[in-house]
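Next come two complexes built around chain A: one with chain B, the other with chain C.
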Partner chain A sequence: MSEFLFEQRNTIVAFLIIGLIISLALSIVKGRRVMATERTDLVFGNPAKALGGWYWIITGMSFVMLIWFYFSWDAARAYNPKAANELCQVAKVESAIKPMRSQFPLDKQNLRGTDLIARDSAQLERINNSLQTLALQNSVKLEAAAILTSLHSALVDQANPVYMKASLATEFKSIAARIDSLTANFNDPDFPGQPTVAQQAAAAAQPGWGDTGKEIPVLATTPLGYRYEAIAAEIRLIAKDFVKLRNTSPHLLAQVADINSRIKDAKARFKADLNISIEEQEARTRLYSQLNKMLKRIDDGAIYPPNSLDDIQSSLVAFDKTHIAQQGSLKAFDTWMMPGGRIMAGNSACSEQGSGRWLPKPSDTLGTLMRIADPDIGFKDIPLLWYRWQPVGGMIAFLFPDWIAELVPGDYPRHTQNGEIKSNFKSNVQDFVTGNYESFSIPVPMGHMWDSIIRVVIGLFFGIILGVPLGLFMGLSRFAKGFFDPMVELYRPVPPLAWAPLILTIFGIQDDGKIFLLFMVAFAIMVISARTGATGTQLSKIHAAHSLGASHRQILRRVILPNSLPEILTGIRISIGVCWGTLVAAEMLAGTTGIGFVENVARKQSDYEVIWVTIIILGVLGLLFDLIMRAVITRTIPWRGKG
Partner chain B sequence: MKTLLKTSTAAIALALAGNAVADVNVAYFLEWATPNQIAKVEKAYDDAMGETVNWTNFGSGVGMTEAMLSGDIDISYSQGLTPFANAVNANAPIKMIAIAVAYGAADDCIVRSDSGITKDNASELEGQTVAVPLNTMADFGFRMTMSNLGVDVSQLTIVDQEPADAAVSLADGAVVMACAYGANSLAKMKEVGAPMLTPAEKAAAGISSFDIISVTETFAQEHPDLVRTFVEVTHEANAAWAADQSKLGVIAKDAGMTEEATTSQMSGFTFPTVAEQKRDYFGPEGIARSMVAFMGNMFATSDTPALADYNVTIDTSFLD
Partner chain C sequence: MSDLVSDNLNMQFTTPSGLVVHALKDVSFTLKKGELLSVLGPSGCGKTTLLNIVAGFLKPTSGSVELDGKEIEGPGVDRGMVFQQGALFEWLTVAQNVDFGLRMKGADPTETAKKVDEWLEIVGLAGFGDTPTYQLSGGMQQRIALARCLINDPDLILMDEPLGALDALTREKMQSLVLKIWKETGKTIMIITHSVEEALMLGERLFVMAPRPGRLHKEYHLPFAEMGLTQDPRDIKKTQHFSETREEILSMIWDMEEEIMGGGSL
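So, the complex of A and B:
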């Protein structure tokens, strides 16, 4: 069933998107119609205006889902499953041409040679300026300055057409011609001819877009794809040949050899000279290494005369134009249907970058959720939410403290000569208090989700049980307020993660530490909300109860508590939200299970689908808890906001 | 009007593209002493590249991957092999270009002394709780150690903890064994326990660790010369260190450690030369090639499956 759904997900998503657009439109129409009728009935500010409104819920949900489908490129995949594959071939061309392109002022401002001359002369200038401040003998300074001048002329002479390496002109021409012929091929609809059977078979055998973790199939499958793939292979060779070219003219080589020998000579004389101050030694070592580095950079011959590359540049521009024109509707599809990123060709595979990468597709995310929800797979061998059979004895063992067994007189049994272990009364008692006996089993929920829920629920439970009475007490007694207020207010603003190292030392790695962290969060909120509720009770109500003869206990139970219930319940709602927020941090302490643990591990594997699954689970669980609280609120305090 | 719009957007795009490559952004680790920190402090990288080199420290190799994907980092120095293998499994467009540092003793599994467990009765670990920072080099060392000693990993309760936290848990007795990296954490752990394997035994078990230099594919395509210079300067610094170790103070200060800690950490490091890297690490049967494939398969999941061929994630052309 789920496999069928997974295979058909593109069709399903395609219909779903249309359905979402329709429901978005209809619900907006409905909402506007209701608004129009209400405009005359309800004045501005009437809270009844915010009640109900299921159509706006549909509007909001449809909007969010559409945004998700759109920016995760699920919509693009649903309507054109081959697009990624074709764009992958396009990206191959772009990445193949990049080493060559990046030398021209096409994607950036300057020709590479211009950049190099600017950069290197600036650095020569810096070294020259620093010469004045260094503690050097004058002769050394003069010598270094002369070398710097030679370096500079070696640098700028490369730009002089007179000194250009003789073979370069023809090589540039041939590169430009090769690009031009490739551009012609690009326009030829028959290029590169029919794919071979082996090519087709290999292409057909690869999985579709997003079918596996490899995301995008690499081999071309469409005529356009074949053409781009073939062009990419050729342009890669051309780019390689171009990048290999060097303007190492005899003139430059002679200059380099000359400078090299001068630096070496200066270094040798420096080494031989024994009476140089330490300060000067350091300065000179550094100076010669700087000169060497500059020479090494300049001898690359990466600078050409200013206009020598014009042919290649205009060929590249023509190639670019064809390259874009040939994409046709694919280009528009890429721009409009795959926003926020692009498909990139690495050397091993094509991959989605941008929002397509970090925002997994809803259909894939659902697939991942269904996969790890399968109790046989789970995450790290633990299911998300499942059950296991557990003996009752072990579960109720916590009722009996283990030291009971120690009180029984006698010793624990020892194994006999033939390896038997006979139990005695003392060991039987110990087995009982530790739950180590045969008892019937009952199914108990387990798994990452269950563990997280239990932690939150227990933390909340203790937060409420302890926080509400303390809050009420603080609202009623000057002593309690004065005594506890500084403590609560001091620890409340500290972010939970700051407590983490302490909690690890105090509680260890078991659940109690994580629960304590959640408890602390819930506790502060409960104290404050209960206190606010208690102090907000109207004095006239208390006076009325008093004059009717109510005892202190009755006033607390019948007047103050019901009056502070709205605040308390709102406090619970807030602390539920904050507890879920803290859970990920709590489970980072010592991760064994839990949604936060799943997220932490998935992060280390850059597994964005699982990360989104955990985000969605956390969101849905939080929403579920909140819905329960809303039901509780409407049931217990229906008078809220009506008094 | 339309042309004006077009030219102005083109101008903005150009300006952005122009600024994006103005500097070289390098990621590195604190408390990880390497000779190239001398070059870093003395600005030898800036001199050789002619660009401003910005160094950003990271807490983990995963963080380096994330920063490289977002485009904030071009080169990661000393990224762990495990985060790298995990990243390429997840299709991250990054490449291994060289070895940064090889080390034997940097990550270790420490067993509590009072547990009485040694490598001879290691199977007693089954049923116990151990702390491991999952999907790191220490995780790899842990798995290799356990399989070497015949311990069934599925019988252990594994707690995912960062080394500093794991040291606390081991000292408290919450876990019986902790696998970790980092000199400070390991020193704390050794107060209450002893390493499971000696360095020699680890080497025999095939647990060799090394960190790599990785770059984003985009940066390698656009600025091969800068990448090559980076590797060159790094090797020059390594060679200078091998010849003369008087600048220890510079490294210690930059790494944020005392000189003693630096000396002891660096005594466990080797910095392979270009020739060694080409022969031992990147040869046809080289350690780097086999290890990255081994690790990629070990940490593969169904969402981030292993690659068919890991050689495509390695580019040794910058070593030449």
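So, the complex of A and C:
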């Protein structure tokens, strides 16, 4: 069933989106109609104006869902499942041509040669200027200045058509011609012909968009895709050939050789000279290494005469136009249906970038949820929420401390001569308190979700049963207030997470530490709310109870406690919220189970789907807790604020 | 012997800022069993303080109050109190409020239930037993407070402006109810009020108190409460005796207020 849903998810999503658009439109129409007929005597500011309005809830929910479908590209995938694969081929062309394009003023302002001349001559100038300030002998300075001048002419002579390497002109022509012919092929509807059977089989064998995770099928599967894939292969070769070209004319090579020997020469003389001050030694070492560096920059002949690349550039521009025109409606689809990012081609894979990547598709998120909700898979071998059979004996034993057995008089049984061990009363007691006996099993919940929930529940439970009495006591007794206030106020203002590293170290990173941390959180809140409740009791009620003959205990139990109930319940509600937040953070910090742990592992693996699943689970559980508390509050204290 | 005897009662409060307020000065009086006393006076003259001392919620600075020859040393079931408002336990139902005192004593539940029904009948709230108190009107709540106090069968009933927050009509009905209960049970009742008419109608005896320091200023013995048992209160109010007494007390209180306000200009 779930497999069928997964396979059909694109169709389901397609219909769902249409449904959402319709419900969005209908609810807006409904809302506007209600607005038009609404009583006009409700003035601005009257809270009754905000009552009801389920249709606006539908509007809001449809809106959020549509935004999600849209920005996660689920809508794109639903209506055009092959788009990503085709765009992957387009991206391949773009990444193949990139090394060549980057030499031209197409995506940036300047020709590469212009940039190089500007950069290197500025650097030569800087070295020249610094010469004056260095502690050098005059002869050395003059020599270095001469080398700098030669370096400069080696740099700028590359731009001179007179010195251009002879073979380059024809090679440039050939590259331009190859690009032109590729452009012609691009426009040819028959190019590159039918894919081979092997090609088709390989393409058909690959998993679809997002079938196994985040990746996009990398081999072309459509005619458009085949065309782009073939073009990408060709253009990659052309680009490779182009970037290999060098303007290493004999003139340049001679200049480089000359400069090289002059630097070497100067260095050798410097090494041989033994009466050079340390200061000058340092300056000269640095100077020669600078000169060498500049020579290395200039000697590779990366600069061409200003107009020599014009042919290739115009071929590239024509190629570009075709490349964009051939995408046709795919280009518009990419722009409008896959917002907030694009598809990038790497060496062996294509991937979504931008919102398509970090915002998982609702359908995939649901798939992931269903996958890890499956108790046989779970997350890190632990289900999200499941049950296991556990012997009752062990659970009963948990309630009794083991040392009870030691209190029983007598000794533990000793083996007899024939090696038998007979149990006696003392050993029976020990078996009972350690759960070491046969007992029937009952199902007990388990899993990441259960672990998180039970930690909150236990921490909260102890926080309440210890915090409420203390809070009431503090509200009624000057001693208790004065004595316990410093203790509570000493730790309460510290953000709970700041305690986490310490508490987890002391009590252990598993349940104990976390439960204690949550207990601390809940305890402080409960003390304060119970205290506020107790101090807020109307004196006349207490007087009334006194003159009706109530004892102190009865007043506490029958008047002060119920009177504090609204504050106590509000305190519990706040505690749940704070505990929940603290727990998740603590689970992220340390431990091996819990929803926070799941999210933390997913974060380390950049598994955005699991991250979103945990976010959703945490939100739903938090909401559930709060709804339960709200129901409890309306049920138990309907009289709140009406005394 | 079951009298309330106040002997030279003095009460001084020290405010947190160190100011000493002389709330009661040399208050002495005797209230015989079965008497109906109303206490009247300008705001701040110590009426509530006096009542709280009698109820045992406050200890006087000096002097003593005795009930039935025993000195009052704390709150007790022999003195029932009805407050101005808000002293009902809103988390309980009407019946649970009314039987609160009996439950605290651990009385027999069936007996208690019967008594509750009786009292609800008397205060005119039969059938409201299971209603949550917060759903009732102010007048109904005061009647419950009355029933809650009376079901305990106290010797002395203390009321601090019990009808202050009620509308005129409900108030008149409640006044008749108090008179009826006074007559039928023969209890000693001490009632504080702000309304001169109410003080006249509900007072067999009437104390007018004066402020700064709070003391007894004048005492009246009045026939109107007795008359109210048989006659229409509106007719009583029309009599000359009633209106003369009312005017006298009113001008007395006006004078006191003017003294406090520093000779106000009305």
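We take it that the second predicted complex is superposed on the first by the 447 of 643 C-alpha atoms of A that agree within 3 Å, B and C clash if a C-alpha of one lies under 4 Å from a C-alpha of the other, contacts with A are read in each partner's own complex, and residues count from 1 in each chain.
Keep this in mind: a residue touches a chain if its C-beta (ideal position, glycine included) is under 8 Å from a C-beta of that chain, and two chains touch if they have at least 3 such contacts.
These numbers come from a predicted model, not from an experiment.
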Taking the superposition on A as described, I'd like to know which of chain B and chain C A:123 touches: first, second, both or neither.
first
Looking at the overlay, does A:543 come into contact with chain B only (first), chain C only (second), both, or neither?
second
Given the touch rule stated above, what does A:557 touch, chain B (first), chain C (second), both, or neither?
neither
Can A:269 be said to touch chain B (first), chain C (second), both, or neither?
neither
When the two structures are overlaid on chain A, which partner does A:33 contact: first (chain B), second (chain C), both, or neither?
neither
For A:565, using the defined touch cut-off, is the partner it touches chain B, chain C, both, or neither? Pick first, second, both or neither.
second
Touching A:173, do we find chain B (first), chain C (second), both, or neither?
neither
Check whether A:349 is in contact with chain B, with chain C, with both or with neither, and answer first, second, both or neither.
first
Interface residues of chain A shared between complexes with chain B and chain C:
none
Chain A-facing residues of chain C, complex:
52, 55-57, 74-77, 79-81, 83-84, 86-91, 100-101, 104-105, 132-134, 148-149, 152, 154
Provide the residue numbers of chain B that touch chain A in the complex, in ascending order.
14-15, 17-18, 21, 42, 44, 47-48, 50-51, 62, 65-66, 69, 83, 86-93, 95, 129, 131, 134-136, 154, 157-161, 164-165, 168-169, 172, 174-175, 217-218, 221-225, 229, 299, 301-305, 307, 309, 312-313, 315
Hey, which residues of chain A end up touching chain C in the complex?
538, 540-541, 543-551, 554, 558-559, 562-563, 565, 637-639, 642-643
Residue set of chain A touching chain B in the complex reads 95, 98-99, 102, 107-110, 119-120, 123, 212-215, 243, 286, 289-290, 293, 296-297, 300, 302, 344, 346-349, 351, 353, 357, 368, 371, 381, 500-501, 504-505, 508-510, 589-592, 597, 600-601, 603-610
